[in-house]
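Once you've had a glance at the structure underneath, I'll fire off some questions.
Should a chain be cited, it is by its letter among A, B, C and D, assigned in written order, with residues numbered from 1 in that chain.
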Amino acid sequence: MAILVDKSSKVMVQGMTGGAGKFHTARMLTYGTNIVGGTSPGKGGQEVEGKPVFDTVVECVENTGADVSAIFLPARFVMEAAIEAIRAGVKFLVIVPEHIPIHDMLHVRREAVAHGATVIGGNTAGVMTPGEANLGIMPDIAFKPGRVGTVSRSGSITYYVADTLTRTGYGETTCVGLGGDPVLGSTFDEILLKFEDDPKTKAVVMCGEIGGVYEERACNVIPDMKTPVLAMIGGIYAPPGKRMGHAGAIVEGKMGTAKEKLEMLADAGAHPCKTFLDIPETLKKLGV
Amino acid sequence: MAILVDKSSKVMVQGMTGGAGKFHTARMLTYGTNIVGGTSPGKGGQEVEGKPVFDTVVECVENTGADVSAIFLPARFVMEAAIEAIRAGVKFLVIVPEHIPIHDMLHVRREAVAHGATVIGGNTAGVMTPGEANLGIMPDIAFKPGRVGTVSRSGSITYYVADTLTRTGYGETTCVGLGGDPVLGSTFDEILLKFEDDPKTKAVVMCGEIGGVYEERACNVIPDMKTPVLAMIGGIYAPPGKRMGHAGAIVEGKMGTAKEKLEMLADAGAHPCKTFLDIPETLKKLGV
Amino acid sequence: MRLYEYEGKQLFEKFKIPVSARRLAKSPDEVFKIVEKMKEPVVLKAQVLSGGRGKAGGIKIAEGANEARTYADELFKLTIKGYPVDAILIEPKLDIKQEYYIGVTIDRANYKLVLIASGEGGVDIEETAEKHPDKIFKLPLDISEDVYTFDALLIAKKIGLPQELIKEGAAIIISLYNMFRKYDAKLVEINPLVLTADGKLLAADARVSLDDDAVFRHPELQEMGIESRHEEGEMTPREKQAQDWGIPYLDLDGNIGMFPGGAGFGIMGNDFIHHYGGQPANFMDSGGGPSPERIAKMLVLLDQKPEVKVIFGARFGGISRCDDFAKGVIMFLKDHGLSKPLVMRMTGNMWQEGVRMFEEAKEANPELFEHIEFHGIETPIEEISKRAVELASLEGGN
Amino acid sequence: MRLYEYEGKQLFEKFKIPVSARRLAKSPDEVFKIVEKMKEPVVLKAQVLSGGRGKAGGIKIAEGANEARTYADELFKLTIKGYPVDAILIEPKLDIKQEYYIGVTIDRANYKLVLIASGEGGVDIEETAEKHPDKIFKLPLDISEDVYTFDALLIAKKIGLPQELIKEGAAIIISLYNMFRKYDAKLVEINPLVLTADGKLLAADARVSLDDDAVFRHPELQEMGIESRHEEGEMTPREKQAQDWGIPYLDLDGNIGMFPGGAGFGIMGNDFIHHYGGQPANFMDSGGGPSPERIAKMLVLLDQKPEVKVIFGARFGGISRCDDFAKGVIMFLKDHGLSKPLVMRMTGNMWQEGVRMFEEAKEANPELFEHIEFHGIETPIEEISKRAVELASLEGGN
């Protein structure tokens, strides 16, 4: 068991014939991800790594049974691609590109909610269920099958957390990159609830960030969760209000300083961690 | 009992301070219609016939409890007015003006369906529940409380049918003017089903017209109705394909000649009538 | 409001739908001059507000300027389904490999917009729809919905566009749909969308009908020289007169002048006349809430038509008030006089006022009313219809 | 991308939101000349990409041209929240009766647009929102939803616009919302919307922030002279250099040069340094999939900063591949040389290739690597952080 993606998932790649699409299709396949095909409008009939390319998602779904999609397209094409996949019945989408217009993401979210689909990203490293599927751009070296789920806004944090969990023997069930863009397809609370329903996941590490708006939503669900949640927040020492690379990393008014987020999460029942090394120690204390 | 409007309905008038709005407010009140107020943006605080005028429907509903609206506004303002009323919780709307842009009516219908509201018109004479409420522009002389419901596309036909029913002692439960515009807020089948649920209505007279597209929908519900349906269709002898005043009265391809409509309705179980005098005769035969 | 092909193509260009270079000519000489300069085979297309132009001989191919002038002579004399040829559109002759159909219209019964496409364009699409419904692809859309590229790509593939052109075809489909929504259209069609021998897609014809009731929202149409106009054929002089007066009116072949209130009974009343063995001389609609002046003009139209032997009048006052109606009839009687029998019924809103006006006018000028048989709500309209038929047969005539 | 007030007002005019006549001046002399011609009291407003301008003395009222020049001198010397004054906007002084607030922004957590309005404009709206939430009216809207006149009328009434101006106020609200959607805005504000003594509504200020990632959709902005720009204050020379190179970079006060991969660990890594008792000298983000050239430039920035005593390097290859990373580091070492100790960890995608490149380069030029302590996945990143702090304290410095 895992969440969002496993070895039975039939994965398609949107933008499969582009540079990034080709490169990561090969990588994901090497990991054993069950990639069944992809799309590239106007390039239907071609192949990438021996997998068929279609002009539209509907054709890809009809011919391959794809139910999960990884999007590798320039930001301006993402909205239509995501809506296309959602309307074609794809239930889980990973949006890898960054800098997607915010209004576009609002449209994507709206379609996802209307059709009961889950979208993660944009600007996500993807989702990894170790030993089963690697969806996105995550480096497999960090990951091993195990019993802790992770969800982070940042790709690099996802890797460090997995690296730590792997080194200390806990391993991971599924690692979810929520994404770094200011408006995201999914929120922390939604992913936490998916882990809560996964019997193999014995604890979840969530890593938020200064300036994000989705950490607060996690506080609504943590109190009712049986699975323990460990929380890290990046940017405790960041100068407030200065731009820090991620558009999302601007402190918005009083809400969203890293310190406040961490306190709020602790109040909700999460176990705060300051460095990655705090994670295995906390898990040990919790008897995970 | 009656359908759509009765003496307990709290009626508001949108466009109450305009010429037609004022005139018909007075007429409707004289008939005994329970008019509680109206709207005219920018004219909130005024009165018409002693009834309060508000800037918005929300204010009118909050202050008067209005649940039904009659719209007397220039065609170009109807869409917003109708959507305003629907969103403010008004459940039944009568759109009196004609020449409403077709695309606007598609938007109105969409909102109505989404909010469970019933809209009739545009270009309708309104709805009359004799002895209880007169909503729109119908001449009260033709109407008397009774046991037959009527629904027609045209105002004048509504009057002639009621005139006939009144003269022959049947009287009417409610008379519904579906409207003459090419795209209408309600369809024959929807109104027929409301009559079917009204215990006081012992039969329904429906009067369609050459070129309309809603007569066909009636055939979907007539076979399952317990209440007998009498059907008239105007334009049996009309030259096909020539424009005849009503934009709706253009024969659309093969569909919609008056003769075919009448045959189709008869096949569905309706009792065809050729003149108004056929109505009381048919009712007599049916034992209504 | 139907547009001419050349106007439709102006809109197509605005929405980047590919069309041929083209010129409009209003006389055979103009055609000659234009074709002389083009130095290539051309197609001459009669500009009429009607379909079925090809079958009616409204399209000609000419190799040179002289031939073009000869054809133009013919075309300008043509009447297609009652529509005169106002102008000729001249385009280079295309080397056509395949013809497709794309259209957008409204499914009124289901409150949807519908995108329609077929791989078999260029012929009568209604015939294809009837005989080979499997060759017609329909996409119903909500009025608030966009067409996305993926929707359009699927349609482009279904109708069999070559793989290398599906993106371009999709763009055309999206543009046509956007144009439909932008201009409050009732119908837009590219029929045919042509694939040329050198692999280009072109809208070879343009059929555009806009919603008259929404033209006020599009002042830019007027700036483009596209003016408000109704979809109608050649009119009789009386129909033209009625149109100038703003009265919906159609001449028919009978002898009973129809003077009804409302469009609904305007239609049904004609049926009644037929039912009782008579023949209406016209269709007429007073419009909602007509002024006395308009009522008077309606009567002028009928009184002046020689074929009319008797006038059938019906007024059920709703938004049209009986007092205004009576005022108009009296105005007509005083200014014009009535030369034929009129049997009429009046009831509805303000009927008491209407009756009082008639009574006063009759008292003052009884001679004006000698041809009039007047009834109120007590007489069924069927009796009035029968009486009109009876009077018409008494009067003789056709 | 934040717009200047005068740019925001250009957009307002396009959407028919009423604004004063106004002139822009780039020097005190220009101010003098403009005010001399105006012959009325004026308001001089410093144009800066920051809020809180009024409180910082960025707004002056002058009765005549001489006074205006004196104030302009002051204003051009001002720095407001780190932002220099680039220009002064000159408008006639308004006789203000009442000030309102209208804004539109995005509620990211709930995926809604929000229309915000208050009868108490002109002051710090965030303060009002906090202390008197009942005086702020919010209307959440779906991205695909229109604001209708009735919505806007209700808001206009709620914030207390005079009855005779509610329709005009509603029109302004609708325009602001339409502008927000049309230009992919993140924030648009009229603060204050002013009611003048003679009963007119005017947008007295304009705050507009657009989504940088959507500017490509709006070429008309460039036609209007509005160019892409980020929201940032006065930059240090190194920050400017970094911006020219397209590298997100901020100078901080510490002595450990941060050379991380990814923004997420860019932020978290700084926390780690603090956690182990050190002080980062900067924030930096490599961006996704940086080129070797970019990697080299990141190191140049740190090596050239005198305050940096030690460089902390971390690369977890995801979309950023370790081979590209190694290439960049080697390029830097060869072209530029490293003058400070560097402790780094590299793992992730293509790490084997990266390690091999380092080994080959080291074999060829061992001297280039003498300041480098290199680690792989076997060493926790916390150890690297600790080691950087340790090295920094060994090196001394601040």
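Here is the rule we use: a contact is a pair of C-beta atoms (placed from the backbone, for glycine too) under 8 Å apart; a residue touches a chain by one contact, two chains touch by 3 or more.
Everything numeric here is computed off the predicted structure, so don't read it as measured data.
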- What is the distance in Å between the mean C-alpha positions of chain A and chain B? 54
- Item | Centre distance in Å when chain C and chain D are each reduced to the mean of their C-alpha atoms | 58
- Let me have the rounded angstrom distance from the C-alpha centre of chain B over to the C-alpha centre of chain C, please. 26
- In whole angstrom, the CA-centroid distance of chain A from chain C equals 58
- Among all residues of chain C, those touching at least two other chains are 144
- Chain contact graph, described as a line, ring, star, complete graph or other shape: ring
- Message: Strictly by the criterion at the top, what is the full list of touching chain pairs?
- Response: A-C, A-D, B-C, B-D
- chain A residues within the chain D interface of the complex: 20, 27, 75-76, 96, 98-104, 106-107, 109-110, 123, 125, 137-139, 141-142, 152-157, 159-160, 163-164, 167, 180, 182-183, 187, 207, 209-210, 213-214, 216-217, 232, 234-239, 242-247, 249, 253, 258, 274-277
- Note on the structure: In the complex, the residues of chain A that touch chain C are 41-42, 44-45, 55-59, 80, 83-84, 87-88
- Within the complex, chain B is touched by chain C residues 106, 108-109, 111-113, 126, 142-144, 181, 184, 186, 211-214, 216-217, 230-232, 248, 250, 252, 260-268, 270-272, 274-275, 280, 283-285, 287-288, 314, 316-319, 347-349, 351, 377, 380-382, 385
- If you look only at chain D, which of its residues touch chain B in the complex? 148-150, 153-154, 157, 163-164, 166-167, 170
